[in-house]
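Order as written gives the chain letters A, B, C and D; numbering starts at 1 within each chain.
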Amino acid sequence: MSKGTVVLAYSGGLDTSCILVWLKEQGYDVIAYLANIGQDEDFDAARKKAERLGAKKVFIEDLRAEFVEEFIWPSVQASAIYEDRYLLGTSIARPCIARRQVQIAQKECAQFVSHGATGKGNDQIRFELTCYALYPDVKIIAPWRIPEFYNRFKGRKDLMEYAEKHGIPVPVTPKAPWSMDANLMHISSCCYLDQLGSSLGVSHAPSDLYLMTKNPEQSPNTPDMLEMEFKSGKPIKVSHVTDGTTKDTPLEIFLYLNEVGGKHGVGRIDIVENRFIGMKSRGIYETPGGTILHHAHLDIEAFTMDREVRRIKQGLGIKFSELLYNGFWYSPECEYVRHCIAKSQENVEGKVQLSVFKGNVNILGRESPKSLYNEELVR
Amino acid sequence: MSKGTVVLAYSGGLDTSCILVWLKEQGYDVIAYLANIGQDEDFDAARKKAERLGAKKVFIEDLRAEFVEEFIWPSVQASAIYEDRYLLGTSIARPCIARRQVQIAQKECAQFVSHGATGKGNDQIRFELTCYALYPDVKIIAPWRIPEFYNRFKGRKDLMEYAEKHGIPVPVTPKAPWSMDANLMHISSCCYLDQLGSSLGVSHAPSDLYLMTKNPEQSPNTPDMLEMEFKSGKPIKVSHVTDGTTKDTPLEIFLYLNEVGGKHGVGRIDIVENRFIGMKSRGIYETPGGTILHHAHLDIEAFTMDREVRRIKQGLGIKFSELLYNGFWYSPECEYVRHCIAKSQENVEGKVQLSVFKGNVNILGRESPKSLYNEELVR
Amino acid sequence: MSKGTVVLAYSGGLDTSCILVWLKEQGYDVIAYLANIGQDEDFDAARKKAERLGAKKVFIEDLRAEFVEEFIWPSVQASAIYEDRYLLGTSIARPCIARRQVQIAQKECAQFVSHGATGKGNDQIRFELTCYALYPDVKIIAPWRIPEFYNRFKGRKDLMEYAEKHGIPVPVTPKAPWSMDANLMHISSCCYLDQLGSSLGVSHAPSDLYLMTKNPEQSPNTPDMLEMEFKSGKPIKVSHVTDGTTKDTPLEIFLYLNEVGGKHGVGRIDIVENRFIGMKSRGIYETPGGTILHHAHLDIEAFTMDREVRRIKQGLGIKFSELLYNGFWYSPECEYVRHCIAKSQENVEGKVQLSVFKGNVNILGRESPKSLYNEELVR
Amino acid sequence: MSKGTVVLAYSGGLDTSCILVWLKEQGYDVIAYLANIGQDEDFDAARKKAERLGAKKVFIEDLRAEFVEEFIWPSVQASAIYEDRYLLGTSIARPCIARRQVQIAQKECAQFVSHGATGKGNDQIRFELTCYALYPDVKIIAPWRIPEFYNRFKGRKDLMEYAEKHGIPVPVTPKAPWSMDANLMHISSCCYLDQLGSSLGVSHAPSDLYLMTKNPEQSPNTPDMLEMEFKSGKPIKVSHVTDGTTKDTPLEIFLYLNEVGGKHGVGRIDIVENRFIGMKSRGIYETPGGTILHHAHLDIEAFTMDREVRRIKQGLGIKFSELLYNGFWYSPECEYVRHCIAKSQENVEGKVQLSVFKGNVNILGRESPKSLYNEELVR
């Protein structure tokens, strides 16, 4: 008899494929859920694989538009940035993914959800806080925190053997020595990196790590000039000044900014950050479109917002960034802060002209019907 | 009979030359004081000119080393940045310049100090707050706020006529349509700019505006790689990784960073900012060395500082930036905040490797004897 | 010919009566405006006096209900308290009074408004900031900052002589050696006090200073027990637990709390505070009803608000208090903060039982339909 | 063979006596440690009892003086107050008690420490964070979180039976229906209270709950007047103005303030607070001396501190209070904040006169050699 139904956050990779089979072994019915938030994935193949491994149902959900509108846009409004540098691409995606997982669980009357996040990272926390907030009675199965699981799968080798035994396709290329997370907003590579060069202390990221952005040394020698239009602090249009390309839906705007930013090597950072559970980790991030938006929004905001309101909003934005990083998107305080930030954006409206070139976003000018900038007064 | 002695902050330019002569006309003895804080100036010529115009004494003071050590370094420790973008190059210089002016006034028993700042900017405030803080009994003569003066000199033409009449050398090149301020840390150009293009709303800065930095489009096609070393949050050494150049005194370190940053077009921004007295103004800034330092310090700080201490220090740094921008360097609260920030820097120690290329500062790695980063724990 | 019409904030006292006559002397038509915000005043007599002195029109406006609803209630929601002790009774009243003055000026097509505040206090600033915010083109006549006025009236004696000469009734009782401000929320006495005892350094306030509150040493020996009901952080009802008295309109609630608080000597404080323009002053305040409300609201808020929301709201409340003290009620940032605070109060709902006795407000218990307090969990 | 040595935080009561015996049953050598931080306890009897129950050693440590100097004084300097009302008497004591426990463990080469705190409160967290901070390798035995223990002792009845079986003296009086914590600073009663009156929703605290303070309704009808003297923000002397009593060591000052405050019913509060682990709890506190000090320090601080420094310090004090409440006394951020707060107190010096009467602390006046209050300027 089944122990119940689990909705598993399934990526199509080795780990969550093994978890799928293991959960079935433990007596659960498994629904595989794979969110499309813009990562590079063969979704059809992933579906077939999950079905072959015994998933009762498979949900492949295109969340890209809601990811942009409901998660990236509020972060742009907040100028969300963690510890002055990280644009929070992974943190923003977690509540979006988990929200749909919980919706599926409720619709399919599943009491359980499961994920493949490790027991030491931020992601398990972000994921689980969202689940509990939106579906308080849900039970979470986190195999990497269950002794029966983590004692059985002590390394990649154990997973490979298990995969072979259970007919799970085994990746032929060796695993990269770093862990990655990819979505529409960014690709992050972290943690394992320092194994490469810890003896040096100062190890540099390998150049083939970057996937979303060109190396600025090889990027075009002429800039692209864009005009970004904002209303209520949200992007509503982007135009290429010379070739006339124009985008005006959230998803299209963001995809286009990724394209232009990626072409010019914009948005690469290599940082050490402080994790929620109290240790430091290294992160290498590529956030091309998000970086362009961050700069353009800062500019139109400074142009149209009262100085003292800006100061208060800056403090709320820092708070928002910490909440977001720590996984508290669906908490009373984060909802409160989002409301206050949105209120501050009512007059953030106008156009920003900028050029993108060799990793740089250069603001060239701005105009606004709501400008508080008075040429008469400034002498 | 003399009304007393005035120490005038003299730049060698048209305005303060006219003020020098005008103050003498009003019956004051005038001591001309010209601070060398790294601007491009013929100091000998300026001295001769002041003497010829009747200055009782002329002080040309090289403040570059103290500017770096006592003003720029604390700002680097604070990650001082105004409204998320401006590195405060002008604001930092004012208290340094005014402090020496007041010291001269006290040494020379002058009851008056004077300056050529306009009545609408931040500089008059920064200047005067410092004077009152360090020499509470001083009297300040601000000609641009005195009706007899500003009614007489309604435009540049009036100054030119006055100069010709009084044997003040008149500049032959027409004045640039923007006002500039230059020092070791940056060159700023502001305010008048929008006259150029206000009809467009979006006017772009002319390319010949930039003096300290190469246009990234024309800058070298290969990066320079540097290693910055910090102790207590202050730079103590910079080395070029390939050519072996090394600098280890504050002034030399900063000059070298300006050289490398300038060569690669680092540190240009074009912003609208909120001034102290409540209006917005446009500023175009070049801060090559300061920008490199800002990024390098952020990195070593994140690597070595406790997360929660960092969060508190971030708030203090924002407060410090506002105080600095508004001219309160010598105030009880700014001294208090500087003390607290310096305390936070005790363990900010180690080396940062970075490359400088086409306007970018890319952090490549870091190492520290005080690192809180534990490779064991991060998985 | 008239220089124009001035709306004068007229109190009925010696100073503003002299100003009324002086303004007429200067060639203005004067409209006298006297706000009833709960002070103890013979309004009919004041009206007749103003008419006799030559006021073109006299407006006596009962602002008590709007003062409570639109100014005191938001301050209760904010837990507004300046420097941890002062409940801001004077600061809250200024924008309420000035708003109506400006409305009258606009309705009566007067280009000028005038007030009798001195040139060194907070009140002139609070008053004028409101006027400019609501009627940007208004011109303000502040006699105590005009040399012709303040050189003529160097002391009370000059005002008395002027009054006698112009038929202005002269008060027969000598002026108290302190200045007072009274309204529905509080009576403040300040500034001059220390003249009484400055040689001692530690001078105590004379006991006849207090007018709104009984001395707790003489107050009743049995407590009164009240139940306060809140909705959205605002008081909606107060009941006396034993005698059954019930009030449920804002003005009546507040008057009743003043009565009970005053009877039991609640809300006296003697403090030194930091004024806006940078000096310290001594203030002695009586705020009976406001003090009861402050404690009751703190309690129901803590009972019903999420911890982290409370923390953010606490910071906004401190900001609000500073803005309010400094006169910025009608500023973009204060409107923004008020909006955010009101949002935080949506669930602040329920009843608080408290007793009032010998200067104390003792919270006895609370209940709420929105309580986040879970008896099950707390062990 | 022994499993090792445990230093047990032993209170002399039923729970920790049972834990002592249970730990021995489990195979540990037990050192009983009882801190005297001012609670009402027969320490000799407690020692004998612990010896009789088989403690290898018994340490009874008088921590009162260091509790006042190293823990209460910094909290007074910080104006530490949690959620605007609670003076943190329990929170302050925890790190003081745990520090000595860890010192004993290190001196006695014990690898283990143990405590009787429940698994749902703040105290376990405060206790354990201190232990780990000061003795990172220590192992903590928290019986109330160990299934073998909490499944065996499901209620007080199980503890009583166990006690009888093992010769542990059983208290004859029935346990009060609330839990208490007492030390020099306060007595708190909490949590269980609402069981008394939960059906009412608004249950009032029983009057026999209070032990440190007289009921103001029965307290003396004449005030006592005190003069408090501060240096660097710390109390250095207290004098009774009429009877001449004077105390000038930290412990004596604090004991005397407790005596006077207790006699007049000062410092009772009944609140609902937000606990660390996210729920609300009710607390009833008596803090007589601490309340007097809080008011006196606020006053001398406002009198001697620069306004803007005060504002920054206020924010740090709120942060400090949260850290203290949550148990982070020995954390990098709390040490940092304490340093910054101590720095702000350098000029907080002078005398405050106050009267204590019927639950009130009334500030009457103040004087200081460092006063920033300028009578000349305030008009």
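By our rule, a residue touches a chain if its C-beta (ideal position, glycine included) is under 8 Å from a C-beta of that chain, and two chains touch if they have at least 3 such contacts.
Please read these numbers as outputs of a predicted model, since none were measured by experiment.
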Touching both chain A and chain C (chains): none
Relative to chain C, chain with the most remote C-alpha centre: A
Type of chain B:chain D copy interface by residue overlap (half), same or different: same
Mean-CA-position distance for chain D and chain C (Å): 39
Separation of chain B from chain D, taking each centre as the mean of its C-alpha atoms, in whole Å: 50
Whole-Å separation of chain centres (CA-atom averages), chain A against chain D: 45
Residues of chain A whose C-beta touches two or more other chains: 311, 315
Full enumeration of touching chain pairs: A-B, A-C, B-D, C-D
Interfacial residue positions of chain B with respect to chain A in the complex: 79, 83-85, 118, 120, 191, 194-195, 197-198, 200-205, 216-217, 221-223, 268-275, 278-282, 298-299, 302-303, 307, 310-311, 314-315, 318, 322, 351, 353, 357-360, 362-367, 371-375, 377-379
In the complex, chain B residues that touch chain D: 306, 308-309, 311-312, 315-316, 319, 331-333, 336-337, 339-340, 343-344
